[in-house]
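After the structure tokens below, expect a handful of questions from me.
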Amino acid sequence: MERKVELKNELKNELRVVKENIGKNKPLVHNITNYVTVNDCANIQLAFGGSPIMADSILEVEEVVSVCSSLVINIGTINERTIESMIKAGEIANSKGIPVILDPVGYGFTKLRTGEVDEILSKVKVSVIKGNISEIKGLLKENNDINGVDVSSTDRELTEKDIFEIAKKVSKIHACVVAVTSKVDVITDGERVVYLSNGSHIMSNITGTGCMIAALLGVSLGGNKDNIFMGTVYGVGMMGVCGEIAANALLKMELSTLKNNILDKVGSIKFEEFMEVLKYEYN
Amino acid sequence: MERKVELKNELKNELRVVKENIGKNKPLVHNITNYVTVNDCANIQLAFGGSPIMADSILEVEEVVSVCSSLVINIGTINERTIESMIKAGEIANSKGIPVILDPVGYGFTKLRTGEVDEILSKVKVSVIKGNISEIKGLLKENNDINGVDVSSTDRELTEKDIFEIAKKVSKIHACVVAVTSKVDVITDGERVVYLSNGSHIMSNITGTGCMIAALLGVSLGGNKDNIFMGTVYGVGMMGVCGEIAANALLKMELSTLKNNILDKVGSIKFEEFMEVLKYEYN
Amino acid sequence: MERKVELKNELKNELRVVKENIGKNKPLVHNITNYVTVNDCANIQLAFGGSPIMADSILEVEEVVSVCSSLVINIGTINERTIESMIKAGEIANSKGIPVILDPVGYGFTKLRTGEVDEILSKVKVSVIKGNISEIKGLLKENNDINGVDVSSTDRELTEKDIFEIAKKVSKIHACVVAVTSKVDVITDGERVVYLSNGSHIMSNITGTGCMIAALLGVSLGGNKDNIFMGTVYGVGMMGVCGEIAANALLKMELSTLKNNILDKVGSIKFEEFMEVLKYEYN
């Protein structure tokens, strides 16, 4: 019990530092991302206190990433041209000690996605892999039930404990933090684990909440490269908390309003409100 | 008169089945579309009960379309890279019996657009062609007054009857349903015709309503491949009805609010409200 | 003093003509722009009374620009494929007397951006260059403090007078109007200068206001190719005025609402309200 209270205080204190570091650094984030949700990703990074740069030409990614505080790689609409740029930017980021966030959208769904994520992971050391459980489980090479970019029906049955075990394995293999977003989000560095249970089921009816989490991580890790684990908790938690507040403000399935409310809230939420709404378990 | 009443009941009953089929299937829709309106298209598909996938790399479109319920091809920002992907995805869709929706944005405007649509139509059997009257008339190869991606001034003079005759011809040539969106929308399979007269003139002041109709069709046909005609009526009608309700809620030219209202309404409208607002003529 | 009053009347009268010309022409604008803010750019052009076309394939830009009233080139997410298209479209625009607006996003930041803008400027005669002070100063080849796509910290110290001197030099070198957007916007044709001081600091927390200014210029110059200077003043002023009204309507950092409010206001503002809110100095 005492241990629990200690951990809660530790979490709150660490998250406060994470938040303050974002404010101090206004991190410049290099994003190589998909064209579906790119505008929302840029806006949420600004709302969260960062400064986004989207650039994907192989002719400039080296220079771009070199001046940034973090790199977000999202393979949502990957193509032959952008693959190269992702790997090159990732390699430069590694050589400069810049955190790399990988969102392996649709891992396991097509040979292209699986192959390219595997190639990225073989060449680039990532700080965080953020995905849904089907994507993360796919990284164990034991998953063969993926049909699209959403979670498969069998994977939907997994318990938090199952998810933690899978995430822990992936974390050990790639020596990185793993964040599985789900009804309960599971974030682990292979030792510690935080479970977050904010959000709303209605969020799955708008596009881009997953991409926006990766975008938030770009900002929080850009300002906190010495605390990747808590930076990840703060970024993932921000989407859950703001999504929940935004959804609760709706009268019905007003999905455009939901998206607008989320962006509004990320820009205006105070730390105390964030901590009050945050539902977590830290072990 | 009796015939009319019968048709109205038939329409209502068929549309109800169309709606229910969407709900049962939550259709996965593969979109190869333009980068201008892609976010709105993804969001409206989610709001309408579908699940969008945007993927345009030639290296994965075969796998992607194979697990989907429909394919939407929109040539709005076509380029050398995406042309190939559209044709390949279309051919696979045909081989699997997956409906293909074609939005020939700017057909007749440039050689690239005309040539590529002609190539798609020569290689891929489409289920529905959805366009404005200039685009659809262009497909008859009799049109030489196209200047941009909007309807030409002479075409704006055409009556509903003229439009139906043109649409019928195109429908026969390509053995598909043709939907002409206009002040009065005309939808025909070459035999039957439905005229829909919802919407608002203010909708032409926001970008993407045309693209979003094609996106809606991806969902409605994805769940109704055995009833392409009524699936098309439901998808086109959804934009007109929700656009009209959204526009009526405005006090002035609040165009961003209009777009948000449309997306909100597609996600929240009930079938009874839809049928009450729908203005149609079925012959 | 009398001279001042005269200038004020002149400005108001000229802006009224600019506005009326937009209304008469409903200018078709060809945009080769970035994929981050493209939807907002299209929507703001519609709200401002224009008609946007986004097309970037080398296979069609010649035909597209030929029927348009203006060309907007924004290098925000330039790549190997789009560079060529920008230059070709610009050359055709020149041969037809169509105004070209250049937004050199991130000039001086990467070799790619600097090199390509230099190439565009060597091959294409532009009507307006619109940028932040770091970008514009970079064009003098005296700037070596650029780190990203935002204004550098030393450049933030420059006075309006400094900015005018820099803009004037660039204007003379490239024989074009130069618009520097900043807390105070500076617009000069090398002789005349207008300072505009609308807007709100909160606007820098949403993405795309810069891109949207270039988009507005596409519309205002498309309808006013014989008055590039005043067309530029009107377009830049529109963002400042609507941004200010939109920001004042907020209770807190509701950033998504801010963007929606701006778009709503551009579509609904009357000329008298515009002139009342506009804060300017004309020399």
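Letters A, B and C mark the chains in the order given here, with residues in each chain numbered from 1 onward.
Here, contacts are C-beta pairs under 8 Å (C-beta built on N, C-alpha and C of every residue); 3 or more make two chains touch, one makes a residue touch a chain.
None of the values given here were measured: they were computed from a predicted structure.
Because contacts link each chain to all the remaining chains, their graph is best described as complete. Shared residue numbers account for under half of those found at the interface formed by chain A and chain B, and the copies are therefore classed as meeting with different residues.
Chain A and chain B, compared by their mean Cα positions, are separated by 34 Å. Residues of chain B found to touch two or more other chains are 35, 39, 81, 259-260.
Of all residues in chain B, only 28, 35, 38-39, 42-43, 46-47, 51-60, 63-64, 67-68, 81, 259-264, 266-268 touch chain A in the complex they form. Considering their complex, residues 34-37, 39-40, 76-81, 106, 109-113, 147-150, 205-208, 252-257, 259-260 of chain B touch chain C.
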